[in-house]
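Multiple structures follow.
Across the two complexes that follow, chain A remains constant while its partner is chain B and subsequently chain C.
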Partner chain A sequence: MNKWEYAESIESSSIVNIEKKYGIFIDGKFQNANSKKFIKTISPSTEEVLSSVSLGNEIDINSAVESAKEGLKIWSKLSGTERAKYLFKLARLIQERSREFAVLETLDGGKPIKESRDFDLPQVAANFFYFAGWADKLDLSWNAKGLKPYGIVGQIIPWNFPLLMLSWKVAPALATGNVVILKPAESTPLTAILFAELCQEVGLPPGVFNLVTGDGSTGAALVKHPDISKIAFTGSTGVGKYIQKETADRDIGLTLELGGKAANIVFNDAAIDQAVEGVVNGIFFNQGHVCCAGSRLVLQEDIHDEFVTKLEKRMQSLRVGNPLDKNTDIGAINSKDQLDKITSLVNEGVEEGGTIFQTDCELPQNGFWFKPTLFTNAQPSYRISREEIFGPVLTTLTFRTPEEAIEISNNTEYGLSAGIWTEKGSKILWTADRLQAGVIWANTFNKFDPSSPFGGYKESGFGREGGRHGLLSYLKVQS
Partner chain B sequence: MNEIKKTYKNYVGGKYVRSESGKTFRIELKNEFYEVPLTSRKDIRDAVVAAKKGHTDWQKLSPYNKTQVLYRLSEMLEGNFETYQQLLQDAGLTKAKAKEDIHKAVDSIIWYAGMADKWEQMTGNLNPVAGDFFNISHQESLGVVFTLNSNTQSLNSLLLNMLPALTVGCSVISFNEENSVLALKLAEDINNSDLPGGALNIMSGKFELLIEDISNHVEITAMAIYKEIHNDEKTMIKENASKSLKRIFINPPTMGLEALFPFIETKTVWHPKGR
Partner chain C sequence: MSLTKEAQNILNWSDTVELIDNLRVDEVGLKERVASLATRSIKKDSKLQALNYIISMCDLTTLEGEDTEGKIGQMTAKAIRPDPSNDEVPSVAAVCVYPALVSKAKKMTQNSNVKVASVSSYFPSGQAPLESKILDTQFAIDEGADEIDIVINRKAFFEGDYRKMYDEIVALKEVCKSVHLKTILEVGELRTYENIKKASLISLAAGSDFIKTSTGKISNGSSREACYLMAKAVWDYKTVTGFKAGIKVAGGIRDSKDAIRYLVIVNEELGSEWLNPDYFRFGASSLVDDVLKQIKKLKTNAYQSSYYFPRG
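After this line comes the complex of A and B, so read on.
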C-alpha cells in the first residue's frame, strides 16, 4: 500500500503587520527611546530580521517610572470594578485578535502555531478574564489585615511564553491596583508591543502599563530603580539570585519564578501508553523551553525497557520544522545562544557516558533546530541529570522502590514541578506529599490554568502566580 | 557582693548544651548576674542539623497532635507563672505588667495551638480550573527557620516570634540576646511540652558575631528578623541569602493568618477526572 505524501498546511503570516522600528510605550503612547539604540529581533526559524526594537537605557527606565507615578495617581483612585472593566475589555480584545497574536508569537519566538494558537493565546485571554474578576473582590480574597498594592511594579519576563508570561504578570498586578513597567525578553518583544497597542485601544489610563524593550542592561536598570516597590521576574535561577542580591538594600517585594529540573516519575503500575504521551508532552512541549518541563524521566526499573521502546517509537512521530505549519509538533529553538547551550550540554552527556537517542527527522537549513533527544543510562551526577537544559532533551534515571523515587526526584536544588504516573490513588497522594515541588501533575503533565497557583520550592524561587494565591504576590501584608 | 545565680545552657535538639567554645556572656538583671552561652558558628551548624531532624519529626505529627503539644506548652507556662513573674520583675517590669505579660503569653499560645489544625483550611483551596481536573492547592512548612527575637523583656513577644513558624510545622532556631535568660528559662517548659527534639531550639549570643554564618547557611530555609537591626545588616543578610534564595522576612506580622504566610509553601496538585 502506498503511503500518503505529507502535505504541509501553512498558517498565513499576512495577518500580522510588523513595523520596521518600534519605540517604547510610556505615558500611554509609543515614543522614541532616549538611547536611540535598537536591537534586531529575528525569526528563529528562518533567521530573517522581523523588526528593530528600542534598547531602553537607564533614562528610559526613569521616564517609565515617572509615567508610572502619574498612572498610579489615576489607577489608585479607580474603584475595583472600574479596574475590572479595563481588564475584561483587554481580555475580550485579546480573544478577538488572537490569531494575529498567535502568528506573531510563532514568527518571533519559533514555537509551533498549534501551540501559540491553541495554548498560549487562550490562556492569555483566560488570565485577563480571571484576574479582572478579582479586582473588586480583594477584600474577600484573604482573611488577612492590611493588604495593600505595592505601587509601581517592575516585571521582567522570559522568551519561552512571551505573551502568556506578560498576562501572568500584568493581569494580577493591575487587578490588585498596582501599575506596571514591563521589560520583555530581548528575543521576543513583538507581542508585548502589540499588547501595548491594545492598551491604547481600550483607553487604559496613561502610565498604568508601561513597556520598555531592551536587553539585560534594561532589566538591570529597572531592578535598580529606587522607586520600584516590587519586582516580579521569571527566568533563570542565576538572574533570580542576582535580583535578590541587587535589591538587598531596599525594602521591596520580590516574586521569582525560576528554573526547574522536574522529575516525571513513572511507576510500574502506570497506564503505560498514557504515561508515554504524558512524558512526551512533558518534555517536548514548546521545544522543552519550559521551566516546569519534565526533563528527568524517573522510571521504575522493571518497566524500563518496555517504556523506552515505546517512548522512542512515539518520539519518531514528532514532526520538527516550520512552526507556521499547523502539523508541526516541535518548532525552532528560540535563539542561537540557546541552541549552543543545549548542544554543549548534550555533547557533555555523551562524553560522560549517557546513551543518546535522537529521532531521524530532517532539520531545515536555516534557523535554529534541535532533534528530540533521549538519554538513557544516565547517572544522577551527570550534568544532563542536574542542570536545566531548557531544550528538547530528556534524561532517564531509574529506581526500584517508591522511597528511592522520592530521593532521586528531590535530589536537586530546584523544586518547581513534578509528575507522577500510577493507577493507584493512595500512591499518588503518598508521593505528592513527599515531593518538594510547587506544582505536581498526577497522570497528566504541563497543565495550566489562571486559577491554579504556579511557582516553586527551594531554588526555583518564591511567590506564586495564578489563583487566589497569586494575588498575594501583588499585595503587601502590612505588619 | 553579687553572686552568680545560674549558668544557663542552650536548648538544641531537645537537649541542654553548652557552647562548644565554652564561652559565655553575662546578663545582669536587678543586680544579679546570669551566665548564658555565647553561641559559636559551630553551635549554629549543630543546631541546623538538629533542626532539620526536628522539622521532619514535627511536621509529620498530625495537626490534632500539634494542637495538643502547643496547648501543653501553655499549661507548662501557667505552672511556672511565679518564676516568669519574678524574672520579668527583675528585668524591670512592675508586678502588674509582669502578670499581664504572662497572661498574654498564655493566650498567644492558646491562639496558635488552636490554629495548628485550622490554618490549612484558610490558606488552601480547590481551584476551579477549566477542564476535567481535580486541582487543589494546599500548604506545607518551609523547613528550618531562624528567628531573631525582638529581645524586649516580654514573654509574650518572645513566644509570638516563634509560634507562627512553629504552628505551620517549621522547626525554629530562636536566637536571643538581651532576653536570653527569659528565653532559656522558657526552654525548660518547651522541654516538658512533648515537642519533638529539634523542633524548637533556643540559643543565646550576639547576632552581630554570627550574622554572616547564619545568612550564608544554605540549610536555613528562611530567616525572620523581629528585632530592629541596622540597615547594613539587613543588606548583608539579603545579599548572602541570595546565594541559595533563602527567604528573608524583616518584621513580619506576629498575629493573624498573615503571620503564617512567610513560613508556608503552596503545593498544587492536578489529577484528571474520568471513568
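After this line comes the complex of A and C, so read on.
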C-alpha cells in the first residue's frame, strides 16, 4: 500500500474581506492619514500583498490624541456597568466572528490556522469577557481607596500574537476607564483594523479606541506625545529600553513586556514522553515567535541521549507548510527580517560548535520558512544559548544536580517564563521557588488564563498583564 | 538489552524489570496530545485510503455464547467480500471467533486471504489455571487458528505478581510457536495510564506479537489514550530490542471517524509502516458497516441504509 498522506484541508479565506487600503481609526471612524503614506502588509507564507495600511506620522498621532481627549470626556462619565456592556458586546462579537479573525490572523501573520482558531481567538474573547467582568468591581480589586485610571493610554503591540496582544492591552485599559491609542505591529495590522470595525459596530463612543497603523517612527511619535499618561509596550528588549529612556523625565506610567530565553528543565524522573511533547510545544508553538517560549532545554545529563532521540523523532512528525491548511503544525516565519535574524543566529551557532539537527520537511518555494531546529552541545557561552532567537530553534544544555539546573536556568538576562518537568511534587515546588521567572509551568507549557497575571523578571520587563494584578497596570492607587 | 535466543522476541525477566522500572505517564499531557491528534482533518483521497485501510485491518468478530456454525458462515462470507457491490473494497484481515468455531471458520476462509483468529486462555476473564489456558490455546491451534488472542492475568497484575503474568504469556507463546500471538490488556480494568503502559511492556517482553486493548466484553473497552500509550510502548520496545510489534484496538470503536483518529495516532507516533494489517488491527463488529457506508458516500455521494450491505 502507498504511504498515507493527508490531503490538503484548506480553511477557506473567502470569509475575509480585505480592502486595498486602510486609513487610521480616530473619532470613531476610518479616515485618511495626514502622512498620505502607506505600507504594504504581506502574507508571509506567499509574499502576496494583502493590503496597504497608513503609515501614521506625528500629526496623525496628534489627531489621535485629540480624538482620545474627546473620547475620555464621554468614557470617564460612564459607570463601570456601562463600560462593561461595551466590552461584553465586543467579546460576544469576537466570538461570533472568530473564524473571520482567525483566517485574517493566519493570512497576515503566517501562524497555523489551528493555532489562531483554537488558541488565539478563544483567548482573545476570554480576555474581553474577563475584563468586562471587572469594570464594575474595581473597588473590590485592591484594598485601596481612590483608584483612578491614567486617562489616555498609548499601547504598542508586537506581531507574534497581534489580536491576542491587543486584547491583553485594550480590554483592561477600557475596563478601568482609560481610553486607548493603539499602534499595531508594522507586519500584522489587519486584525486590529477589523477590531476597529467591531468598535464601530457596537457603538463604542468615538475616541475611546483609536488605531494608528505605522512603523517604528509612528510608535516613537506616540511615546513622545506629552498628553499620553501611560505607555504599555510588548516587544523587544531593545525597543523597551528606548521607551524607558524616552519616558524617564515625564510623569507617565509604563509597563514593559519584553523578551525571554526561558529554561525548560527536564529532570530524570519526568514522564518522558509527555515532557517531549511539552518541550515541542514550548518551542515550536507559533514558530517559536513567543516571548515566553521554552527556548532552552535544560536536560538532566543521564537522560540526555534517550530524550534527544525521542525529541528528534517527534520533531520529524511536525508538519510545516501552508498555515491555512488545518493539518499544519508550523507556519511561516513572520517576516523576511525575522527570517534573516534567525538564519544568522543559527549559522553562528554552528560556527561556534553547536551540533545542529533539522527536520527533513520540505519548505514551500515562496514565503519565509525555517525548519524546526535543535542544537545539542549548545554551551552557555554561545550566542544561541544567550540571545532570544524568536524562531523555531531549541538549544540544549545538560545539568547534573537540581542546584546546577537552577544556576543554568537563571544564568540569563531574561526572566519571563520557565518550565519544570518532574513527577515529584516537592521537586516542582523546590525548583519553582528558586527560578527567577514571572511564569513557571510545571508538567505543561504555554498555558494561559485571563485571570493569571503574566510578566517578567530582569530584562523581560515589569508590570503584569492579566488577572487582578493586570488592572494595576491601568490604575493609579491614590491612597 | 537483547532478546533471548529460544524465542525470537522474548526479553528475559531481569531486562523486563528494568524496562518497567520507574515508568511514568502524565495524564494531562497525554490527553492533550491525543486530543490534538484528533484535530487532524482527513478529507478526500486520504479519507478513502484510510477507509480502505480500516477494512483491511479489521478482525470481524463474534464472541457470543449463542454463536453457531450458521452465524460463522454468514460472518466469514462478509469478511471475504464486505461489499459485493464494490470490488475495490478489500477483504478484512481476519475473523475472530471462539475455539469451538475455528474449524468452521477455517473451512469457510480456505480460498481467501482472510485469517482465522481465536480467543483463548479463558477469555475474557482469564481466571483459570495456566494448564487450562494452555489446553484452551492448544485446542484452538489444533483446529487451525492462524492467530491467538489471549488475555493477561489481571489477578496477578493487580496483586503485583508481574512475574506470574509474564510467565503465563511466555508459556502460551511457547504453545503458539509461529502462530501469531495477540495479548489483550483489558485497559478498562487496568484504568491508570501507568498500568496500561506497564502491562503493554510486560506483554511485549513476554513474546506477544501484538498487544490489544480490550476483550470488548466490558463497557469501557478501547480508548485513543490507551492506543497512544500502547504505541509508545511498542516504540520503546523496538528501540530496546529491535522487535516491531503490532497493536489491535478493540472495544467500542463503532464509526469511521473514530477509527480514522486511531489511524492518525499510529501514523504519527509509529509511522506509516505500521499502517497495514501485519501491524495494526481493529477488532470490530459494527465498525465495518459504517466504513462501507462512508466509502459508498465518497464514491456516490449517497449515504445508504444498512440494508444495502450484507449482514455478517
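Keep this in mind: the second predicted complex is superposed on the first by the 476 of 479 C-alpha atoms of A that agree within 3 Å, B and C clash if a C-alpha of one lies under 4 Å from a C-alpha of the other, contacts with A are read in each partner's own complex, and residues count from 1 in each chain.
One rule holds in what follows: contacts are C-beta pairs under 8 Å (C-beta built on N, C-alpha and C of every residue); 3 or more make two chains touch, one makes a residue touch a chain.
Everything numeric in this text was worked out from a predicted model, so none of it was measured.
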- Superpose on chain A as described above, then tell me if chain B and chain C fit or clash. fit
- Looking at the overlay, does A:N443 come into contact with chain B only (first), chain C only (second), both, or neither? both
- Message: Contacts for A:A7 in the overlay, against chain B (first) and chain C (second): which applies, first, second, both or neither?
- Response: second
- Query: Looking at the overlay, does A:G455 come into contact with chain B only (first), chain C only (second), both, or neither?
  - Reply: first
- Message: Between chain B and chain C, whom does A:A270 touch in the aligned arrangement: first, second, both, or neither?
- Response: second
- Please work out whether A:D139 is in contact with chain B alone, chain C alone, both, or neither, and reply first, second, both or neither. neither
- Note, angle between chain B and chain C viewed from the Cα centre of chain A, nearest 10 degrees, works out at 120
- Query: Is A:A126 touching the first partner chain B, the second partner chain C, both, or neither of them?
  - Reply: first
- Given the touch rule stated above, what does A:H469 touch, chain B (first), chain C (second), both, or neither? first
- Using the touch definition from the top, say if A:D360 reaches chain B (first), chain C (second), both or neither. neither
- Three-chain overlay, closest Cα atoms of chain B and chain C, distance in Å: 6
- Query: For chain A, which residues belong to both interfaces, chain B and chain C?
  - Reply: 443-444
- For chain C, which residues count as touching chain A in their complex? 22, 24-26, 28-30, 32-33, 39-47, 49-50, 53, 232, 239, 263, 267-269, 272, 275-276
- Message: Using the touch definition from the top, list the residues of chain A that touch chain C in their complex.
- Response: 1-7, 9, 114, 118, 269-275, 277-278, 309, 317, 326-327, 423, 443-444
- Where on chain B is chain A touching in the complex? 122, 125, 127-131, 133, 135, 137, 231, 234-239, 241-245, 247, 250-254, 256-258, 261, 265-272
- Would you tell me which residues of chain A are touching chain B in their complex? 126, 142-146, 237, 240-242, 244-245, 247-249, 251, 256, 258, 413, 428, 432, 437-444, 447, 449, 451-455, 457-459, 461-462, 464, 467-469, 472, 477-479
